[in-house]
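Across the two complexes that follow, chain A remains constant while its partner is chain B and subsequently chain C.
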Partner chain A sequence: MSFASLLFQFLTPEFMLADTALLVLLAGLFKSTAQKRGMLLSLTLLGGIIAAAMLVLHPHYGNLSNGMVVGDPLTQLVKLTLLTLSLITAIFAAGSTVREHFAEYLGLILFSTIGMMLLAGTEDLLMIFIGLEMTSIPLYILTGYLKRSSASAEAALKYFLVGGVSAAFLLFGLSLIYGVTGSTSLADLARTPRAALLDPLLLAGVVMAMVGFGFKVAAVPFHLWAPDVYEGAPTPSAALIASGSKVAGFLILAKLLTIGFAKGTGSAAWGLFQPGWLPLLAIAGAASVVVGNLAALSQSNVKRILAYSAIAQSGYMLLGLMATGTTGISSVIFYVIVYALTTLGAFGVVSLVEQRRGGSQLHHFQGLHQSAPGLALCMGVFMVSLAGIPPLAGFFGKFYLFAGALGSVSSLYDGNLGLLWLIIVAVAFNAVSLYYYLIVLKHIFVIPTGAEPAQPSPRCATSVFVGFLALAVFALGLYPAALLEPIQNAVTSAATFAAKTAALH
Partner chain B sequence: MPTEFLLTATFLSAFLGVLLILLLPVRFGAAAKWIALAAALAGFGFAIAAFQRYDMTPGAYPIQSVLNLPWVQHPNIGFTTGADGISLVLLLLTGIIAITGVLFSWNVTQQPRAFFALFLTIIGGVYGVFQSLDLFLLFVFYEIVIVPKYFLISNWGSTNREYGAMKLTIYSVVGSALILLALLGVYVLAPDHSLNLLSLAKVKYPSAFQLWAFPVLFLGFGILAGIWPFHTWAPTGHVAAPTAVSMLLAGVVMKLGSYGALRVAMTLFPLGLEYWRIPIALLATAGILYGALVALAQKDLKFVVGYSSINHMGFVLLGLVTLNTIGLSGAVLQMFSHGIIGGLLFAVVGRMIYDRTHTREIALLGGMNLAKAMPFAAFTFVVASLASMGLPGFSGFIAEISILLGAWKAFPILLVFAGLGVIITVAFTLRALQRTFFPAHGAAAVPHEDAAHEFEPITLPERLGAILLMAATLGIGLFPKILLAPIQWSFENPHSLMHHLIQEVAK
Partner chain C sequence: MSHDYLLLTIFLAIALVFPLVPLAMAWLFARCLTPAKPGNDKQASYECGIESTGAARIQFQSHYYLYALVFLIFDVETVFLLPFAAMGFVNISVPNFLAIMVFLLLLLESLVWAWAKGIFKWK
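For the complex of A and B:
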């Protein structure tokens, strides 16, 4: 079979999305009316659902060009999640403040989704870079989409500059890695002998790559763009940055570290630091948890609160990655998916409030439980889940994440406290985080609305999907196995698959 | 119905009540209290049925009606519930507090749906904690209680409510963080990576781990039990809360802390317990004295009751660390007894008095001639005060005397101070009682403008609630065996989780 037809088989859903995006762009050339927005959205959804159906019904497992494109249950699961997140974002966009050039907006969401899906389905340094750029460039445009808003323009510029610099770091790091090992494939990297992994040039490459990823996932000290971008960008764009792009970013970071550099972990146990990527993760993770949670305490804009919360949540996930191995990957994937669903829902609520009340400051949320009790309840679910309070999904995610990291060095006595110090930091600052989530809820439920009359809340697709997401977060909290078991099975089978291909060579 | 489902039905009835109330259309909001009452009655009924079926024949295991359903495969978490005499007594308490709490909130008209939904959520969580045998499940139920408390107090509370609500929430969350930390350690070190209490109780954790994990876990639970000096959330929280929530907080939520300390911390870490026993006993005694002394100096009647909770919970903690059957049983009975008496006191002060007089200043109340204006409230308060002082014939007496007897064996020197606490308790209770209801001529010289005012008569739900609580404390005071027998049996049973430890201390 020719390479092209093989590639097509692996990437049918992505091709489908690209076709849809082009079709939507074409349809957008005609005169803009309110009905047409509905039509464009239906077209996008249709294409997306067909792509999802292809993913589910005709999964293609295997490995093309030494890991350039891979298909396994894990990538399938993550791609499906990414599609869901993007389609819900598109629905939110239809009911948001984005009015002009709606077709292009949808097209860009789809293009960015293709980037994320490529990113999820590769184990090759070159493709990682291409996937990240394909994800990011549409996101820069989506951020600056409100061309009459200076905040949006500023956010886009900031995001673009920071993103560009981080891409440069990443590319430089990846090229150093390639220069030392002579291969861009993660599987080849995994076979590099341990001694070669301590080559200073290679370590410099790893650190540079981590800097690049640190920007992408908004980990401290590379987080400074996040609050301004989340605040200035149109809310659906911020939602996509916070959900889809984060899922893809964490999956690929997990793959790079646990597959490519499985031997170069080092150690971050208290008093037993050894060079490798674990100490890097430990420092970035702990700093993100501390800085994100503390900075969120003094915010007055809900989008900024969500931005700092995103930084803190990235920190938890970086700590989760330290569990290494299959537990580490499954716990991080579970957590990032739950987090993406939760934060997407929260942005959906913010988007509706913005539209009805003209802003996303805390005072815009006052008395929301009177004018829109259902929406208020959903926001309650999202905030409480982000704070990690059971019985919502965020709690189980955190428990699994922390237990995995703590258990990776399972000797809490005989003098070696392992990663306990990190878990203490994470648990303590998680307790702090409840305060700012409660402040949001206090404005929604406790403080009565001012003179402003309670507007009637029209039923729209956005609120339906916000409700759906809240229900999902609640259900996954009651029965986490529904998502956890598929993830664990996928990770295990992907791991055995990787081991098999490694043995073949 | 099999007994294990009777246990599950207690919290399911509460959560079903929440669901029904949420589905209720806004214009039928007034029906919410009826749904809440039905759910509370059902829960209490299930608890009584489970209690009656408790099997105390020799050879039976103390923890009975174990229901074990798989929940998550990896990590190994089960939906495991079951109850022994200790759990059952506390389940009964929860049922009584749930019913009377609804009765004393019969006059809530502001957003009744939200109020009763949150109220029942807490009740469901509390029922769940008292029967969870999987520590993950226990923690889930334990945490369910936290967020509703915040909204109940900040939305329906009174004095300084937002401050009180946030303070209480922050203290609870700090406690939960400590518990979570210790539980993660327990989970990681457990040989089969499970959190099932029954299998964990057999694990011998290394002493280095126990020495730090025990105080972390005990303190985490202890904060909710009002352990001195981490008690300061309790008075402000109790005072800020609406009546039913004060009743809940003092009645059952504080017991979550002491129950967790007993069921989790003390069961899992016997070595840590031995090491930290004396410091905890000292803190408990300090709480007894401190609570009593501060209550003596209060001007606000609700603060008197609030600080008396610290005093009474000090007895519970002291009883727990005596580690002999009589002291431990006394501690569990004191949890029940203080739940009832504390609930009754808050009901009188918050609902009967404050809702009518709109003041809780003892000096002002003294000028209102309340003994004549509200004879029923006065009578109830007298009964509650007598019970709170530990007068023979009420449940408080038998509980506190057991704790003191236990402490006499374990900590003879501390007993002197705890006994002093009993005397000060009498003093502050009599002071509050006399100055509020039966002021001498001197105090009555501060006339209140409403002195001649006719107060709204005490309503039927209030009378019912008060009678139920008074009957409970009097009934257990006269027939303590009803509860003491299963409690003692649960401690003394050779299969008991604590049996080994009690034996060792006795040697």
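For the complex of A and C:
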């Protein structure tokens, strides 16, 4: 079979999405009618659902041109998640403040999704970079979409400049890695003897790549863009940056580190520091948890609170990545998916409140439980889940994350406390985070509203899907195995698959 | 361990020398060899060699930027069509022909999109 037709088989859902995006762009050119937004949205959803059906019904497992394009149950699961997140973002966009050029907005969401899906399905340095750029460039435009809002333009410029610098770091780091090992494939990288020796040049490459990824996932000290971007961007764009792009970013970071540098981990256990990528993750993760949670305390805008919360949650996930091995990876992927669903829902609520009350400051949320009790309840579920309170999915995510990190090292070094110091930091600052999540809920449930113009709450698809996300977060809290088991199966089968292909070479 | 980081140090040194030496040479050259003789002609803004008309600091319409972007459609089209023309249309296989047609269709859609959005109307 020729390379082109193989490529087409591997990437059918992505091709489907690209076709949908082009079609939506064309459809947007027709004269505007009252139903136009609905028509464009249904076209987008139709294409997305067909792509998802292709992904589920005709999964293509295998490995094309030494890891350039990879298909296994794990990538399939993550691609499906990314698709779901993007489609829900598109639904949120239909009921948001984005009014002009709506077809292009949907098209850009789809283009960004293609980038994320390519990113999820590759094990090659070059494709990682291309996938990241394909994800980021539409996101820059989506951030600056409110043409007449100077906050949006400022956010877009900041995001673009910081993103450009981080891409330069990443590319330089990847080129150093390629220069030392002589291959762009992650599997080859793991097999080169120099990868295990941790050449200083290779270490410099790894550090630079980590700087690049640190920008993408908004880890301290590369987090400064996040609050401004989340605040200034149209809410659906911020939701996509916080959910989809984070899922893809963490999956590829996990792949790069655990597949490519499986032998160069080093150690971050207390008193046993050794050079490698674990100490890097430990420092960035601990700093993110501390700075994110502390800075969120003094915010008065809910989008900024969500941004600092995102920084702190990135910190937890970086700590989770330190639990190498299949349990570690599956707990991180479980956590990032649960986090993405929760934060997407929270942004959906913010979007609705912005529509009805004209802003996302804390005082705009006052007395929400009187005017929109369902919405208030959903926001309650999201905030409590982000804080990690037991009956909800966020608790189990954090539990698996910390348990994995704790278990991974202490078995290796007898008598050493391992990563306990990191877990103590994370749990302590998780308690701090409860304050600002509950402040949001206090404004919603406790402080009565002032003289509020009684606006009829329009029934729209956004509130339906916010409810759906809240239900999902609640259900995954009651029965986490529903998501965790597929992830664990996918991760183990992906690992055995990688081992098999490695043996074949 | 002592010489482990030698390579990295050399790399860093070269990385610094590479941009700094030309800059220093340019500075030295300007300092030692060229006397400062400012004049009307010398300080005029350069416009392809013809005599300049007015100051260089004028405002451009941002609309002009869109023209430049749309120009890119045709520019890229030419560059990618050249290899196909060089292959000769006689020897071209059906899948290759379809591939280039899909590519042209994509460019055509962007042109249609730009047209319908009114980018070609000078405001």
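Heads up, the rule we're going with is that the second predicted complex is superposed on the first by the 494 of 505 C-alpha atoms of A that agree within 3 Å, B and C clash if a C-alpha of one lies under 4 Å from a C-alpha of the other, contacts with A are read in each partner's own complex, and residues count from 1 in each chain.
Rule of thumb we're sticking to: contacts are C-beta pairs under 8 Å (C-beta built on N, C-alpha and C of every residue); 3 or more make two chains touch, one makes a residue touch a chain.
Keep in mind the model is a prediction, meaning the values are calculated, not measured.
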{"item": "Partner chain in contact with A:Q488 - chain B first, chain C second, else both or neither", "value": "first"}
{"item": "Which of chain B and chain C A:A204 touches, first, second, both or neither", "value": "second"}
{"item": "Touching partner for A:A428 - first (chain B), second (chain C), both, neither", "value": "first"}
{"item": "First (chain B), second (chain C), both or neither touched by A:L22", "value": "second"}
{"item": "Contacts of A:K442 with chain B and chain C, given as first, second, both or neither", "value": "first"}
{"item": "Residue contacts with chain A in the superposition, chain B compared against chain C", "value": "B"}
{"item": "Which superposed partner A:A4 touches (first chain B, second chain C, both, neither)", "value": "second"}
{"item": "Common ground on chain A, meaning residues reached by chain C in one complex and by chain B in the other", "value": "none"}
{"item": "Complex interface listing, chain B residues touching chain A", "value": "71-75, 114, 136, 139-140, 143-144, 146-147, 150-151, 154-155, 162, 166, 169-170, 173-174, 176-177, 180-181, 184-185, 187-189, 193, 206, 208-209"}
{"item": "Touching residues (chain side chain C, partner chain A) in the complex", "value": "4-5, 7-8, 11, 95, 99, 106, 109, 112-113, 116-117"}
{"item": "Chain C-facing residues of chain A, complex", "value": "2, 4, 22, 25-26, 29, 199-201, 204"}
{"item": "Chain A residues within the chain B interface of the complex", "value": "369, 384, 389-391, 395-396, 399-400, 402-403, 406-407, 410, 412-414, 420, 423-424, 427-428, 430-431, 434-435, 438, 441-442, 445-446, 479-481, 484-485, 488"}
